[in-house]
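For reference, the structures are reproduced in the following blocks.
Here chain A shows up in two complexes: once beside chain B, once beside chain C.
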Partner chain A sequence: MKEIQIHTLFGAALLSGIAGILLIGHGISIGIVFLWLPFLSAANSVRGMAKYGLGTGNASIGYWGTAVGATSAFVSSLPFSCRSTPLLYVAAVVAISLVVGLATGVLADKVIRMKIPRIELNSAVIAVSTALITAGSLLILGSNYGLYPFIYIIITLAVLHPYNASTGAGENQKRTLMLALVEACMTTLAIGIVAMLVSGSAIPISDVVAIVVVSACGLLVAVVAWYRLVKSDIYEIRWTGYSPAEH
Partner chain B sequence: MVDPLIATIMIIAGGVLVGVCVHFIPASATGAMAAATGIATGPSMLSAGAGLTGIYAAAYSIDSGLVLVIVSGAVGSALMLLITIFCGNIMLAFGIGAPPVSGQTASGKSTFGGTKDIITGFEQEGYASPGTDGHGMPFQTAVSGTIGALMGGAGGALVFYAVYSMTLPGIATENAVTLAGIVAAGVFLINSVLPAYVLVGKTEGMFDMKIRSMHRTFISCLVTSSIVACVIYAISWLAVSEVIV
Partner chain C sequence: MAAIPLLLGTALAGFLAFLAGIFEDSESNAGSASNPNSQVQLAPQIGNRHRYFNKAISGEPPANALWATTAATIAYLLTAHFGGDAFSMLVASIIGAAASTLLLCAYGVLSHISRIASMKNFEQTLYWDSLLTPLPLDAAFGFLTALMLTLLAFAAHSLLGNPFSVPLLAFFFGITIGAIGSSTGDIYYGAERLYQHYIFGSGIPISVQGDIDVKGEYGYRNSVDTPYFTMRFGGLVTGLAFGILIFLDAWSRLFTFAGVWTSVIVVSVLVLIILIFIYLLEVYTRKRYGRYTED
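Let's look at the complex of A and B:
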């Protein structure tokens, strides 16, 4: 089966992420669904890097990439108000995360000599994608500094886990990305619930409820689709589920 | 409080310290099966854990000045690592009966040569189980880990204090502490994962030959930290001078 290219997925994720942030910035909180694609793009790049067998594993890649992305979004929220100037904010977030992500990737390739194909591209993709997700989450949760570690960890887990869980014999991009979608929905659901619970949330309660409902529906659909893929892939690996007469 | 320019240099120095510290901390994923010397996790994750503990410790003494913040961070980090080493050794020794042995030293491939623990003089050869590369954390490895954790904790605390100093004029104290903490953690994670590629998932600390490839870690962490420090400086300047609101 033909795999989706990194460029294609990243291009779509970038546009979708920017659209999502601008929508949330202009009061349409349901635009958080546009942040699901950056989750997929980041998880795909974790897969791209980790499948060549890193010394340190998926967890480190996820933490590293999200550290670049989330830190860029956090520091950018200092001078650029994400509410009053969302376009300027998203431009700063994308530019900073792209530069730092690309620089770390180039260093890992040229200085440390990792010899992983497209490491610089993948690290930049993870950084920008996670930066977009962080920026969107900050818009929902407001400038509540106490929630920064929560935002960081929840995004990291959703990005690093899909490939970590799917890796092994018969791993394929479709199933990994579907699991990434499950975790993306789960993450936005958690962000919605937290926005409901904390005081001083940046958006009205009706919008938060809408986020929770849409994320829960998305989660349900994604889990069913992912479960179907798991079942069909199990047949391929274990060669069971069909009567012997068919083979 | 320190001058923003000095704070930028502090972020760079802290980032480099964090990167270099990973080479000193004994860690190996196969250590979980008592198949290699070192704490049973990847070097970068362990260093990040030690560094985050250091940042928490540093946050408690944020009002006591730079020196105390650095010392607090370094000691907090070293304490965390020593407790991990101690508990790991107890479990390996009494749980599965594997004595702490340095695999590299036992096979005569350690940095200083010989088959004895460089500090205690205990013989290592013959104690490593067949088919393994040592197990547990012998004394020399624990000392190396402590040195690494002290460096990492101090590095994390440096970044923490620098970011705190830069952002404080712009935002409230409690917010500055939180923001500095998460940014310091971010800088720590960025720099602690880079050397893991040099170490390929396993090191015994300063007694491992891999310490000789530290210059690559140094250069990469220097460049990365410089970029990150410049970005933080520029953004803090924009925020404090209120050029854009």
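Let's look at the complex of A and C:
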């Protein structure tokens, strides 16, 4: 089966992520659905890097990339207001995360000599994608420093987990990306629920409810689609039993 | 003489950390996380089809950071709504830990099913009961870990006067406890329990990786028996390591002899003492047991 290329998915994720942030910035909170594609793009690049036998390094790539992306978004929110000048803010987020992501990739390749093919490209893709997601989350949750660790770690897990969970000889891109969609919906759902608890939230409560409802619907659809793929890939599903060879 | 809240906070922080360590190690073992995860993953590839719960979420540090940070973030936001006294902190922490447990369950189920779906070539069956029986146990330990770490973050912030916010402290504690659990506690499950048919302490050479015990004292092994076994040693050792770390760190708040530099001096001295102790222990062990031999 033909796989989706990194460039294609990243291009789509970049446009979709920017559209999502601008929509949320203009008060259309269900624009959060456009942030799901950056999750897929980042998870795909984690897959691209970890596929070369990294094993336990999978998680490290996830939090290295998200650290660059999330930090870029946090730093950009200091000089540029994400509410009053959204375009300038998005440009700063993309530019900073792209440069820092590329730089860390080049350092890992040339200085640390990790010898992973296309490490610069993949590290830049993870950084930009997670930066877009972080920027969107900041618009919803507001610039409360107390919430930064939560935003960072919940995006990290959603990005590193799909490939880590699907690792094995029978892994394929389609099922991994579908799992990434499941976890993207789960993450925006969690962000929506936390946004409900924030007093003096950045956006009105009706918009937050809309985010929760849209994410929950997306989660339901994605889980059903993912489970269909699981059923077609898996050896056998049983309620209980032992290995037939031994009994 | 240090103030009463500081003494109380130091004792409470050490106690909570000790409990959190025990629960965290048991949680990771009930789900075969981190080191044992690779061993269980390899097993079907060499013909050992198993009935373990393989919760491949990520390494323990980021996973525990997520549970602790989610619980603490929700608790931190709810405490403001509830009024901010000690009772409201406790109730908010319980609600936060319960919410983070739901996330743990979701990630655990997705991981286990996905990993087995990728094992088609090796004829590994997905048994629902070997996922659904250990899941509540795993969730219970996960809940207790998240609760203890949230309460620890509140204790460090309010009683010990730590300047960082509660969710950030919980994040640090989550990363730390995950690192300790995976380096200290998991060895007991990943390198001993799963390889019980090899000589004790012989390690896991590459040639035997994946050749794990799939049968136990009675019938097939499952992930409910694992924490029952590891809690006798691995869990307590993890608790001891994390408990001592937090307890000794809290000492830096008890003294004020050198102004703002007090904590730096106290912690440096403690680290030096620990390093000397570890060095002497290793020298003693090497002299006592000699070099590693094949037989």
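As a working rule, the second predicted complex is superposed on the first by the 232 of 247 C-alpha atoms of A that agree within 3 Å, B and C clash if a C-alpha of one lies under 4 Å from a C-alpha of the other, contacts with A are read in each partner's own complex, and residues count from 1 in each chain.
In the analysis below, a contact is a pair of C-beta atoms (placed from the backbone, for glycine too) under 8 Å apart; a residue touches a chain by one contact, two chains touch by 3 or more.
Remember, predicted model here, so these are calculated numbers, not experimental data.
*Asks:* Please indicate which partner A:Val99 is in contact with in the superposed arrangement: first for chain B, second for chain C, both, or neither.
*Replies:* After superposition on chain A, A:Val99 lies in contact with chain B alone.
*Asks:* Is A:Ala59 touching anything from chain B or chain C once the two structures are fitted on A? First, second, both or neither.
*Replies:* A:Ala59: touches chain B and chain C.
*Asks:* Classify the contacts of A:Gly168 with the two partner chains as first (chain B alone), second (chain C alone), both, or neither.
*Replies:* After superposing on A, A:Gly168 lies in contact with chain C but is clear of chain B.
*Asks:* Classify the contacts of A:Leu160 with the two partner chains as first (chain B alone), second (chain C alone), both, or neither.
*Replies:* In the superposition, A:Leu160 contacts chain C only.
*Asks:* Check whether A:Gly146 is in contact with chain B, with chain C, with both or with neither, and answer first, second, both or neither.
*Replies:* both
*Asks:* Who contacts more of chain A, chain B or chain C?
*Replies:* Larger number of chain A residues touched: C.
*Asks:* Touch check for A:Val194: first (chain B), second (chain C), both, or neither?
*Replies:* So A:Val194 only meets chain C here.
*Asks:* For chain A, which residues belong to both interfaces, chain B and chain C?
*Replies:* In the superposed arrangement, which is not itself an observed complex, chain A uses residues 55-56, 59-60, 63, 145-146, 148-149 for both chain B and chain C.
*Asks:* What does chain A use to touch chain C in their complex?
*Replies:* 55-56, 58-60, 62-63, 145-150, 153-154, 156-157, 160-161, 164-171, 175, 179, 182-183, 186, 190, 193-194, 197-199, 227, 229-230, 233-243, 245
*Asks:* Inside the complex, what are the residues of chain A that reach chain B?
*Replies:* Interface residues on the chain A side: 54-57, 59-61, 63-64, 67-68, 70-72, 74-76, 78-81, 84-85, 88, 96, 99-100, 103-104, 107-108, 111-114, 145-146, 148-149, 152.
*Asks:* Which residues of chain B touch chain A once you look at their complex with the stated criterion?
*Replies:* 29, 42-45, 48, 167, 170-171, 174-175, 178-179, 181-183, 185-190, 193-194, 196-202, 216-217, 219-220, 223-224, 227-228, 231-232, 235-236, 238-239, 243-245
*Asks:* Enumerate the contact residues on chain C facing chain A in the complex.
*Replies:* Residue positions touching the partner: 38, 41, 45, 49, 51, 56-59, 62-63, 65-66, 69-70, 73-74, 76-78, 80-81, 99, 103, 106-107, 110-111, 113-130, 165-168, 170-171, 174, 220.
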